[in-house]
Structure formats: structure tokens, C-alpha cells
Amino acid sequence: MEHEWIPNSNEQIKKAMLDYIGVKDVLELYHDIPKQVLINEEKWDSLEIGKKRPLDQIEVEKIMDDVLNNNKIFDKSKLFIGGGAWPHYIPAAVQYLAERGEILTAYTPYQPEISQGLLQMLFEYQSLISDILEMEVVNASMYDMASALGEAFLMSKRINDKSKILIPETINPFHLSVAKSYTTPHEISLITYKVDPNTGYSDIEDIKNKLDDVSAIYLEYPYQYTGIVDINAKAISEIAHEKNALFIMGVNPLSLMLYKTPGELNADIAVGEGQPLGLGLNFGGPYLGIFATKWNAEYVKQMPGRLIGMTTSIDGSSKAFAMIMQTREQHIRRSKATSNITTNSSLSAITAAIYISLLGKKGLKDVAESIWYRSHYAAKKINSLGFKSPLFEGEFFGDFIVDFNTDFEKIRSKLIDYGILLGIPLNQYVTWAKSSWGLLSFTEVHSKSDIDFLLDKLESLGGL
Amino acid sequence: MEHEWIPNSNEQIKKAMLDYIGVKDVLELYHDIPKQVLINEEKWDSLEIGKKRPLDQIEVEKIMDDVLNNNKIFDKSKLFIGGGAWPHYIPAAVQYLAERGEILTAYTPYQPEISQGLLQMLFEYQSLISDILEMEVVNASMYDMASALGEAFLMSKRINDKSKILIPETINPFHLSVAKSYTTPHEISLITYKVDPNTGYSDIEDIKNKLDDVSAIYLEYPYQYTGIVDINAKAISEIAHEKNALFIMGVNPLSLMLYKTPGELNADIAVGEGQPLGLGLNFGGPYLGIFATKWNAEYVKQMPGRLIGMTTSIDGSSKAFAMIMQTREQHIRRSKATSNITTNSSLSAITAAIYISLLGKKGLKDVAESIWYRSHYAAKKINSLGFKSPLFEGEFFGDFIVDFNTDFEKIRSKLIDYGILLGIPLNQYVTWAKSSWGLLSFTEVHSKSDIDFLLDKLESLGGL
Amino acid sequence: WNEPLIYELGNTRKGIGFKENNEEFKQILGEISIPQNLKREKDPDLPEVSEIEVVRHFTRLSEMAYGVDSGPVPLGSCTMKYNPKLSLKISSDKRLTFIHPLQPESTIQGLLKALYELQNWLSLITGMDYCTLHPAAGAQGELSGVLMIRKYHEIKGNINLKDEIIVPDSAHGTNPASAAMGGFKTIEIPTDESGNMDYNAFLSSLNERTAGLMLTNPSTLGLFEEKILDVAKMVHEKDGLLYYDGANLNGILGKARPGDMGFDMAHLNLHKTFSTPHGGGGPGSGPLCIKDRIVKDDIMLHDLLPGPIVIYDKKDKMYKIKWPGKNSPGLMKSFFGNVQQLIWAYTYILTLGPQGLREAGEVAVINTNYFIKLMENSKGYSLPYGNNRFRKHEVVLSAEPLHEETGVTAEDISKGLLDSGFYAPTIYFPLIVKEALMIEFTESETKENIEKFANRLKEIEDIARRNPNEPKQWPLNTSVRRIDMVKANHPKTITPTYRANILRQKGILGPLR
Amino acid sequence: WNEPLIYELGNTRKGIGFKENNEEFKQILGEISIPQNLKREKDPDLPEVSEIEVVRHFTRLSEMAYGVDSGPVPLGSCTMKYNPKLSLKISSDKRLTFIHPLQPESTIQGLLKALYELQNWLSLITGMDYCTLHPAAGAQGELSGVLMIRKYHEIKGNINLKDEIIVPDSAHGTNPASAAMGGFKTIEIPTDESGNMDYNAFLSSLNERTAGLMLTNPSTLGLFEEKILDVAKMVHEKDGLLYYDGANLNGILGKARPGDMGFDMAHLNLHKTFSTPHGGGGPGSGPLCIKDRIVKDDIMLHDLLPGPIVIYDKKDKMYKIKWPGKNSPGLMKSFFGNVQQLIWAYTYILTLGPQGLREAGEVAVINTNYFIKLMENSKGYSLPYGNNRFRKHEVVLSAEPLHEETGVTAEDISKGLLDSGFYAPTIYFPLIVKEALMIEFTESETKENIEKFANRLKEIEDIARRNPNEPKQWPLNTSVRRIDMVKANHPKTITPTYRANILRQKGILGPLR
């Protein structure tokens, strides 16, 4: 079957190659496969794979148009939903650059001499994140924040071999599930500490009561399911270090443009979700797991994932980049490796580097301020509509909970008719929330008129 | 006003530069402009340009979403309309490659050593078109077919200094208008020859009666406003050459995959519309003017536009490409140049080269055959609905006229409700058509089910 | 890379095809039947390659090209500014690219509104009254203007008398070429010491035969025509029309407008002032704007526009296209215009607003004069014409001093610039400057790059003095060394297509005679 | 190019910003008020550059990268095939990229249907019963499988007993690493002369502690495990589960299915077999497919899947997502999966259909064996293990003969390949082959390129014999020569970020200790 994606699929070319190999038929090349296992052509071709026949590209585009059009298509400025992934503005230059074929179709840069551009981009990603976090070591990416968190917990155990990790009650439930998957085989128990029901801040006393054999205390900052930026961050850091436990932070790189950084708060490990840095929502992926640690050889040795370093050519004449500390990795260390990760999220990391470069310090701060302003404006206005908004009184960034006094899911459904997707019905995901609570989210994609449109529609549903 | 698109717009940078120049204020650099002419800042800034203030990119995208959404958006498979520009399938690789920045943002390759890639692409365009047309000389592009035609007529006059050019009655009316604009200053009269009202073929006798002082006979092939492929092409060629007139053809590169070529028909000049070769409809542009001529030094010397040639480096060690025959062009010859054209449609030409390369001989023939099949299928089926279809009995390709017995514009309006855009109401553009005539068009983008959908809707309008 | 021709990749594979697509039709209609004497005899000798081969081929070729995305392109009079990716994204949106040119107006109100606004914005930017967005490029805009001049005098019954168009000797080649295409003779006026058009020569060329004047202002020397108001008055007194070549508008953007200087018409190059990409040679877009006036009786100059304009019909509350009527020379191309470029420019103006456009113009001018200052003490390069005057968007240096001293030419210097990662300036133009280097950074270039460029020019000067033969070897770092232009143009070896090459090899094609 | 760091481009300009956007909010809310002890003290030292500088920077850097779009990337076990631009266009469509992961199911029926179909297709391709599309990459798919093995034995009450996983010594490093992350010990089995897992060693390693076996088939040597059915039977007898590493599925695509060989679970690397781009290191996507079976009572193996699956609810006539329940180890990442990759693979399978997938597999195998034949008479390279056997998708040559003769290593050879415009193979892997060159062309490579590659290997052999020092100097044509890896990793000079570099220069940061 001749196909444009398979150059040698032409019958004459194949015949010439088979002749040269010295076989009559391609089947001869498979003669070592047990007969019971080998599938015959007819059977294979009759399987319900695709449309059971090759399609022209024109047919494929038509089908995919159907696939995409058979969804409710929301304008991104009408998506008021976050909870671990947020609609953001992505400048056109980001996608253009990240999709250039030399980057998109490259493999892991095993041959550094011919991949300096790729390596430099990844080094720049590490560096830019490093400056945002104020931490000196950043790896070249993890799958996403959740898996980065799982790896952080394993790393903590490898460092101090203690078995308990304290996590906040209002942790992102997806992160929790993943953290459990990762840690269960290694006998780490995840212990929840409480948050204050009024402020949404962590309950320091509760933490102090649970410090026995603690390997690490984890703080989500801001909490993705409440939007609260915990004022006790510094205190928790100090408590952890007093007990020789690690302080692990889970961050949003954008909020760090305004709030204290893991570096300032003396975190040992920081993980974060890089999706806000120029990546789409993509119904869940791919995203970008940020992983950073302190300038500490033991930590770096125990760190999972790939690291790019700056060095020079052997003759010292030019700067050069290469993968470093490879002895931690699976392809060399095998069962002793710090992680099994190999393919990570390099292209997401490069995308983030392009995004950060395009905006620069001022642009990123603009975005953070936009998020702050919009969410605070919306919270205030929704409150004036007669709802408890925000539910928690603590400092918040971007996301906040509103108690709508009635089933939030119903409100959400009604608004879909206006092309609005409003927030997350929290009680579907966490046990601590009521069915009347919705987690709303606001970013720079929402203009004042977008928010006012939402307010207007919310008001019109008043009688609900 | 600091802006991301103006690197030196930072106030400090500007100040440093102005200081170095030795002026206090940027206005000093404009002191030679008469005071009455100079606009002051306030006045300028108050002009209704854009939104009267700079916008963020996010605001611009919102506004442009409105601009684009405030149109009726037809799926391309529901566009049954041609007449000089046709909906075609454009493989994704075409747009990706043509938009790569090194090509998109390049200038005319005045410095060949650093622009070999660009020059080679243009040379390949010339070559690929040359093989489709079977003519040995093709220029690097004109604006579109209409302007190419105007230039062809001027070239003909330059060659034989005769004053009449014969053109068909059913010529594309836009082409006619442009040809008149170009030729009027040069005292060329455009004389119409008739087509047979039954077959749509040219009236040879009428041509023979009009041969006095004829510089060229022009044949549109196929006629874009009837779809007819003229069976008299060969005869016209011979008549022209007998009278020492030029034979000029206007072609569709896709139809040439099936029909006799300008080369076979001994045309002296061929022009054509390259839009079907991977370009969008774009509400009228940019398109691609194809311009080809015979292997004849006098013709090439009189040819308008840019030519790329293959040669070698001076030491002969490697193949190389460069602009050739530049002495014909305006930047050297000024008022004696063959044309004033400089910026042409290079990127369209490159796009066409990519498109042709991706499809290859077989793929292009597939497209041509698809067009033939679909248009013939539709013509037959519409006929069976009780309309005269096709109106002309001659051989046709892609486009054909149907007499709907009632005001065609009304039928077209009704179908818009179904998301269908059906054809061109001919009598709005040409005098020889009735209001009941519609020019329909079918290409490879229309699947059988798309056409059947149209037939179904047409039938349902029966009572109209 | 040394990339083979696409033909050399062979013809044994399969490209993208649609064969399957036709099977169901074949069953209904049978095989394709084409009259024998219309049937193509032999399939064309096109390549047949797989998709990956095409992608690699053009990827590699693109890496052997150089655009603004690669680095500075200081081509004078070309205004190679940054082409924003924002505009690329919007102008290649399929909601735009699949709008057919003959769609009913009622289905494209969003688009027509934008085009209507663009007409207005360009009118305000140029100080004119009407704009048609029709011309496909600047040169076509010029021709449109020339044809309007012709029509103007024709309607007034003077066309046999009015057959001369005045053009300064510093003008772009397109000016005389456009005038000629419009059937006019061109009268060239020399440039005076200060870089203005020689006013006395101008006056003595002006007469009853004068149909109009074409002027670039600022000129290709980057200098503003100081006597422009007098010139306009004099031309108008002879009932000539003043045509403004908009190629250099970036030099006075937001500071002065052709309409206020007395010009009757002006074209704009959207790829210059309004950031549409040049695509390695086009497509461009050359809107033509005019200041309205009575031509004769009730015929206004705007009735002569050779292209459509969008109007707003207040009664029907919709935007409509007004196609040219009987007083127009006709159309210049099929359909409305190069709409992708128009929408690109629309987004550019929208983003910058009047403040941003002014800033662009100012920074372009600062960049030029900063560069001139950097070069001030260089002995090898001189600044001919108006040596003490500030330039606007561009500057023309002469390498004649260096040439006289060392034999190194403007071309050699260009190649030396290529070797250091810059594109070269426009060279040997305008013709009135010997060994001309015509340099325009636009507002898109950084201070650092301008400094590097100046340093490189000085470095070349040093090398030329130390070893005058070395520059003759340049370029060294490009994908090919200097090119054999004799072979390229010789009748026996000229090769405009691969087909010609093959037929010549087969002995079918002789020399080009 | 020698491109500076983005930091070196400076911090004096302005990037894309949204300042204006906040003015109207500021008027209502006043200045931003953040509690003092939560306020960041100092803005980060990020670059501030203009848009054109960023575009040029990454354009130039991309030209210093090498992907499948640049030329052949014959990395063994990486299956670097062509990444169709069709799929790129579709998977980056904003109708997909702006779907939020927690959108109501009712609003994404089109997407869920496609994902549902993809699950079915992958099940049929692997001969399995259920697939979760959840894992973010192949290695995460492996870990998911290992966690399922763990859970399986846990539910059966055997987890304290079952603590060993068998892995052949030719396995990818991820296999033992994943087993370890799942809390298992790995038992390595040597490879026999014919390239199979040593069957006797396998038998003697098999015991009551055996929790499962992880196998790549065809192996990293490109060889099919001939005794697979016996192996499966034996492992199952010990109540072990068989895990199939799908990295090499391309070698038997359309010819044999892991489900038919007795495997209980398999992950797929969509970037390998199903053409999603690797992006210079990810993101990938590693769906996990399983053959269902009873675990205990009414608990089925599919209940243990650590990821969601899409189901069709016939009653509600809609597609829904079934998230893992209490018998699952939990999720592996946030949300559904790497959906861009999934949709890419969906379009790939849709385009090729079963016939095209089979063709892809067959041509990949033909390409490998054609290359082996081309290399047959070369003395410098040997074919260790199963010397007389056909390979499937890849082949491992040993440069040990050449190394012994000339001292030239696999690494030197790689660099020589870089110099001729190829990417290099995977080297020094699998560990059981000395001076290994692991070569995989996939079905995307042309016959001509395979021949050129073979010729270049032979040419390198000749050069090595003539002048053994020359290869030590390679590469010469890349943007940088060989790299100082000692400096790269030394505690005093290690530089993982620009920040570390700056702080070290300031004396704030010491050696990494």
C-alpha cells in the first residue's frame, strides 16, 4: 500500500530492497514469530481500527472538524475556571516558535554538538524559572505538577529516610491521588494538616502536633482549590527545618511575581505547574512540571529528571551546553536511578522559556497583577450580588470560592447557555466542600466587560 | 511610548541616542519640514486611527475575533463557487513551510550568496510550472492572472508593434477590465470574438474575419466563466501564427494535468492563475500570476518580471542560483523597463512550489480528475432535477453554467441558510448572461455527500 | 547544506493523493472522457517524492534564506521592519482565508467593516480623502496613480497635450517605469548639493506638457524635500497632479502627511510602513489614497479611482463595495485586493494606535541619525548631498573614498557584511551616488545591532586598507561563494527552468536566440 | 550562529505587556494590597527584550537544533518517524487547546468519542481488552503497569511475598527503574547467543517471589523473543504478570500483538509508534493497555487501571469518563492525559488505517534488514547476537572490531555521522554490546538515505584505518566542537542555571557540596 508518509512503500522500491536482502517476501523477515502469534493480513485489515481503510488527508480533516465541532466551543474569555489549569493569553509568537520543526521533531539531545540550540533553550528555561523561584537548581521539566510532587516526596524520603509527609487539607485532590500512587510502594504516609475554616490559612497548631518522624512538610502556595496564599508559609518553613524535615512548596510561577518566593521562604524543594506559562488547556495535557531545589550537592544528586548545564568546548573557545549529572538517570543507573523518567516535557519547557522571554519581567508582573485585580474585582462584585464571596477571608490570588447558597452545579449549567463556563463544583472533587460552593477563577484573558457580562448573567439567575 | 515592537522606544535608550546625536529633542531631526506641514503630537494622537490608543495584543485578538466572526462562515466543502478563484484542499505542510520566518520575512534576494535557499525555491517554482505548461521560460511570478494578462498584451505589442488583440466574448470580466487598464495608454484595441451559443466553443469564422493588424489572439482555457475547454485551441494557434500574430493562452494549471498544454498548442505566451496551487481564497488576494513564454531570446528580453536562473559559483565548484536578465527590470532600466513590477508574488510562488512538490505528478492528476468527476457528476444530477445543466454542451472542467429558469440570486440566497454558497449570478458580471444563469463550481474539497447534500437542498427548493 | 533540486529527489515515490476519492464517481460516470484532440499527450515530468522529503527539502532551503527573523536587513528604501507574529496568526486564520472574492456582501459585514476602517485610517495617516485598497503592490499603486493622471487629463480633454511626468533623478526606478507604462515621457530633474530636487531645473522643466510630478519624500537619500510647498503650487498652476511615492513614508510617519504637502495622490507600501512581510519578493499591497477635487463638471477625482472602495450604506445599514465606474481607468487586478496583507496592516495599526505609529516613525529616524553619527569620523565612507542635514528613515553613504583608496567596492563591502551575519544594504542606488550604500534600519533594530553594524563597516575599512585583496574573496561564510553571473546570463548557458536544462542536455534546446 | 543567552540580550527593553489592562480596575480597587510578609521583596532578574529579539533568538537557536524535519535521526529504540504536519495542525487547533480539563462531559462529546475510539483502536492494535490513555509518557506507563502488578498481588494478599520482577539484561533502563519505583527488586536475565533471553537462566530465576516480568519484544537488539509463549506460560504459572514494554512495537506492528503473546499489560509510546513529535525530550504519552482477567472475587484487572477510561453510557446516550476506583493505585498525573498527543495519534491511525499501519511496520523492518545487508561485508562493524537472524525495527552493530584495530570508538563514529548531516544512532546501548551502535531508520527513511548512511559508516571505517587520529577531532561542522564534560559536572564549575553562574561570580555561591 503506497503512502506519502512511507517513502519506501512503493512496490518497486520494496521489491528491490527485498531482492537485495535475499528474501522473496516480507513475511520471511518475520519467520521467527511463532505461527500462533502471527496475524494474517486479512484478519488484521478487518480490525475496526480507524475507518478500516486508509483515508486521504482531506477526509481526515473533515472527520476531525466533526470531532472538534461536536463540542461546546467556549471563547477563552468566557472560561472562568481554574483549579490547576487556567486559561491564559498565549502570544502568537509562542506557538509559532515552539512549532518550528527543528525543535518540535527533535529527540532528547544525546548528541550535544548538533543540538546546542535545543540545549540552550532548555538551559534558558531552567534559568528563567530559577530566577522566578529564587532557587539555584531547576531541572529540565517533569510531566506536570502532580507527578513532580510525587517525585519530590520520594526525593525527601531518599534524603532523610523518614516516613511521614504532612500535606494540607485543601491540597489539589488530583495531586493527592498522584502523590499516593507514587509514595505507596515506599511506605510513606501522607498526613493531612488542617486549614482554618475562616481564613483558609494552615492551622499551625495542627502541624505542630504532627511532627513526629516527619520527612517533609508540604505547602501548596497558593492552594489551587481555594486560591488562598498562605500567610504561614514562613512559619511552616521554620517549623520544618527545626525538625530536620524538608520544606516542600507547590507554586504557581505567575503568583510568585507578587508573593514571596520559595527561595525567600527557604524551601528545600519547589514544584509547580508550568501550564500558565504559555501552554494551552488541552483537556488536561501536556503541561509542565516544574522541579527546583537548593544549591546542595546531596539534593541535586537525589533530584529526579534531566539537568542541562552550561560549560565550554574542550578547547575552552566557546560556550557550550550539555546534559549533566546523568549518572542519576535511568539509562545509566537503571534500578538505582533517582527516577524512571526519561521523556519529560521539554517542548513545554521551551514554550515556557519563549513565553517568559517575550513578556519579560514587566510583562509577567502585568499578568500577575491582572490576575490579582480581576479576581479581587469579581469577588467583590459577586459579594455585592448577595453571595458569600470570597468564602475564605485570607489573601487570595486568581481563584476563590463562592458560596452560592444553592446547588452550584445548577448555576453552572444555566450559564453554559450564555457561552459561559463558570468554575468547578468543588464537592465533586473534595470532601470538605458543600454542593453550593463553586471555585471561580479569573485571569488576564477576562476583560472588565467579560466579567461584567458574567455578573450580569449571574444576577439574572438571581431567582434560581 | 514604549512598545514591544520598537526595541529602542525605551525613554532612556532614546535619550542616550539623542544625546549622542547631539540634539535635545527628536523634533530637531524634523526641522527641515515646513512648519505648516508638521503635525503636532496632540493633533496626531487625536486622529481616529485604530482605537486612538495602543492596544495590548490580547485586545487586538479579541477585536479581530469579532471582525472574523461577524461574517457568515462557510465550511469550504460547502463553497460551490469558482470563477477565477476556487476552494481547494491545502495540505497542512504547505502552510507550515511557507510561514517559516526565514522565507516569510525575507526581501527580494538581492544578495544571492545568503539567499540560495530562497532563490532555489523560486527556481523550482519556475521549473515545476514549466513542466506543467510545457514551456521553457517561466518568470518568478506576477500579481495575479489578470495583471499577467495585461502585461502579456503589452509584451505582444512590444514584439510585433501591431495594435489589435482578439479576446473571447466569454473572457473573465475582471481580466478584461484589467487588460483594458493596462493597454489603453498604449493604443491597443481589444476586439471580442464570439463563442458558439450551444457549445461554448470559440467561433472560428468570427476570428478569421477580424485578423487585420492583429498583434495576438488570446484564448482563455478553460473559460473561467463557462468552464468550457475550447476544442478550437489548436486551430486558433495556427490561425494566429499564419498571420504572424502571437497566440496567448490563459490557463488553469490544474486542468493542464488532463488537457493539452500551451507547449503542445504552440502558445507564445501563457498566463495563468496560480491560486489553485495551495493558496487560500482570501477574499481576492494575494494570488499568483503565472507568466511563461517560449524559448526565444526576443520574447525573454521583452518579458516582464523577475527571472531566476541556475548557474554555478565563480570557481564552478557548486551550483548556485541568481536573478538573471535583470537589465529588463525597472531598478536598472527605469523608464525603458519591460514593466514597472518589482514586488511580485514570490511567497505565493513558493507556496505553489511546495504544494506541487507535496502532491507530485500523481497527486496533481488526482486533483484534476477529482475536479472533472465532481463537476460532471453534479452537472448530470442537476440536469436530472429538471434544469438545463450544463448550459453549454462543450467539454467542461470544474465550472459550468446552469439555467435555473428562475432568478438564480434567489436560489443562492435561500441556500445560504443551509450553509451553502452556490455559485456566481453571472448577469451581475457579464452582459451575455441571463439572470437565471448561475456559474457553479466543484473541486476535490466536495465529497459525494457534500454534493448530494446540495442536490437535496436544491430539490427541496423545487417549488421556488 | 547543499540541498539537491526537488527533481533530484526522484520520481519513484508517492506524494499526497486523493485517488480513493474518485472511485465512487467512477462507478457512476465511468472513466474520464476527454475529446482526443484536447487530451494532454504526456504527463509532466514532475517529481514524485514523499511528504517527509518535501518537508526536509523546504526546511533546509529555508535555513539557507535570510529574513528579518534571522537578523538585521538594512536594505534602504525597503523598510524591513519586524513582521509581528500576531498579525501572521490573524491573517492566516481560515475564517479569512476561505472567504471567496465574490461572496455576497451580506455575508462579510465583519470583514467589510474592517476594510472600511482601514481606508479611513490610511486616509488620516496620509492626509487624504479617499483610499482604494486595491493595488497588489506599491508599483501597481503607482501605475494606478499614473493612470488616474492620464484619465484626469483625458476627461479634461488635454491628454494629447499633457504627456510629460517630472521625476527627480534620485527616484526609485518604478517611478519612471510606471510613468512609461502609463504612456508618459519622464523628465528627470537633478538633485542639488543639499539633496533637494534642483529647483531651477524643476522650474525650467515645468511647462504646459507637464501632466504631473512623482516624488518620494523623504527622498531615497533620506532627505525631506524642503521646497515641497512651492513645488506643489507650481505644478498645480500648470494643472499637473502631484503623485507621492509612499515607499519612504516611514520617515515622516506621524510627523507630516503628503496630503498636507500638496500631493493629490499617494500610494502606500503595506510591507514597508505597515509591517506586512515581504515573503522574499511579495506579495505586497499598495493602497492608493487621493485628495478629492473636482475634475470637470460633477466628476470628482475619486470617481477616477482604479479600484473598489468600501462604503457604508446608511439606509440599508450595511457595508457595500463600490466598484469603479465609467470614469475610472478600470481595475488593476482581479477582485478586491490583497486582503491578507490588508488585514495584517489593520492589526498593526490597531495595535500601535496613532501614538505607536508616531513612535515607530520617530525611532526609525533616531536610529538613522544615530548610525550617521557613529560613522561620522570614518574616512572611507562619505555622506554625499546635504552633508550637514539630518536624515529621516534612511541614509546613503558613499564608499567612493574607500574605493578610490583601496579598490574595494560597495559590493565587496556587502559581502563582508554577509559574512558577519548581517544582510547587506541596498547598493549602487540611488544612481546619483557613487558606490552607494543605502541603509535603513527602521524602528525594529536595536541600538546594539546598529553599533555592531557600524563597527563592522569600520572593520571592513581597516581590512581593505591592510589587505585590499581580502574583500574580493568575500563572502566566505555563506552557503555559496560569489556567483558566476556571466554563465547565468549567457545564451548558451542561461537556465531559467530545470526543463530548459534537461532539454538542452538532450540537444533539443539550443542557445537562447 | 553563536547565539548569546537571552539574558545577555539585556533588560532595558519592553516585552509584551498588559499594563493598560489594569487601569480601570485600579480605579475601582486602588493599588494592589498584599500582606507585607507575603510580598516578594525583589523583582526577579529576568531579561527585558523586545519581540523581534525573542523571535530572532529562538529562530536562530532552532536552526542550531536537529530534528526529523532536518534529516535522518536513526536513534535506536526511539522510533523517530515523520511527524505529519496534518496532525500538528489538528492537534494545535484552538478548538482543542482551550478545552479545560474539568469541563462538563456534556460539553465535550466530540472529543470523548474520539478518545473512546482511540482506546478501542489501541486495544485492537495490541490485542488487549482495555486501555487507559492517562500516562504522560512511556516510562509513566511502565510505572502504572508496575503499580498495577503491585496492587494485583496486594489484593490477592501476596504483596509481602511477591517482591521480584524479572527483566532481561537487554532491557531499556526504564524497566528496572520503574520496577524499583514500584518497590520491586529486579532480577536480570542474560541474553543468549541467539539474542533471546537465556531460557535456563530465566527458569532458574523464576520462583514464588516473582511478581512479574517486563519484556521488550522485539528486544533492543531488534530480535523477536522466540520462546515468548513458553515464557508467558511459566510466568503465569507462578501467578506473575507479564508486562510488555511497547517501545519497540513498530517492529511487529500489524504482524503480532502483545495480547496474543500472553502479555497481561502493555504501554505504548505514542511518540514512537504513532508519530507524535518528541519535542526535544517530550511531552510524550504512554497509554497502558491490559488484557482483562479476574483478580479476586468480582475485582477485575481493569478495575486496577491507574487512570481514567472513557465509556459509552448507552442509557444516557453519552460518553463519560470513568475515573479509577478504590482498587486502583490512584492517578499518575493530573487530569485525563496528554490529549494533544492523543489526538495526534488518533489522526495518524485514522489516516493510515490498518493497512497503512501494517505497511509502516513492514517497511520499517525492510529498511532495517536492507541496511544490515548493506553493512554485511564491512570488517569494522560486527553484528553480535543472532548473527544469522533478521532484525525487526532496529539493529545493534558493534564497532568493537574497528575499535580494537584503530582505537576509534562508537562515540567518534557518531561525531563523524554528525559531520555528514546525519544524526547519530543510540550508542553504548544496550550495555551487553561493546561499542554499540543501535540503529533504527523507521519506515520514514528513504532507501537513498539508508544507503548514504551505510556508505558513510564505511567511509568512517576507511578514515579510521588511514588516520586513526582524525576521528578524534570530530565533529568539525557542528556549531560547537566536542564539549568539556568534566567542567560541566565538576562541583566548582557546574552551572545548571544562569542564576547559579551569577551568584557564583558574585561570590555568594560556593562549589556544589
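Assorted remarks:
Chains here go by letter, A, B, C and D, matching the order in which they are written, and residues are numbered from 1 within each.
Here, contacts are C-beta pairs under 8 Å (C-beta built on N, C-alpha and C of every residue); 3 or more make two chains touch, one makes a residue touch a chain.
Chain labels with UniProt names: A, B = Probable glycine dehydrogenase (decarboxylating) subunit 1.
All figures in this text were calculated on a predicted structure; none of them were measured in a lab.
When the interfaces A-C and A-D are ranked by C-beta pairs in contact, the top one is A-D.
Averaging C-alpha coordinates per chain places the centre of chain C 48 Å away from that of chain D. One finds 18 Å separating the Cα centroids of chain A and chain D. With touch defined as above, residues shared between interfaces to two or more other chains in chain C number as follows: 13-19, 21, 49-53, 55, 59-60, 63, 68-70, 82, 84-86, 88, 90, 444, 446. Within chain A, residues 3-7, 9, 13, 53-55, 57-59, 61, 89, 91-93, 95-96, 99-102, 358, 444, 447 each touch two or more of the remaining chains. Chain contact topology: the protein chains form a complete graph, every chain touching every other one. Taken in their complex, chain A has these residues touching chain C: 2-7, 9-10, 12-13, 53-59, 91-93, 95-96, 101-102. Chain contact summary for the complex, chain C toward chain D: residues 1, 10, 13, 50-53, 55-56, 59-60, 63, 68-71, 82, 84-85, 421, 444, 446, 448.
Residue ranges on chain B touching chain A, taken from their complex, read 4, 57-59, 61-62, 65, 75, 77, 89, 91-92, 96, 99-101, 358, 363, 444-445, 447. Residue ranges on chain D touching chain B, taken from their complex, read 12-21, 49-53, 55, 59, 84-86, 88-90.
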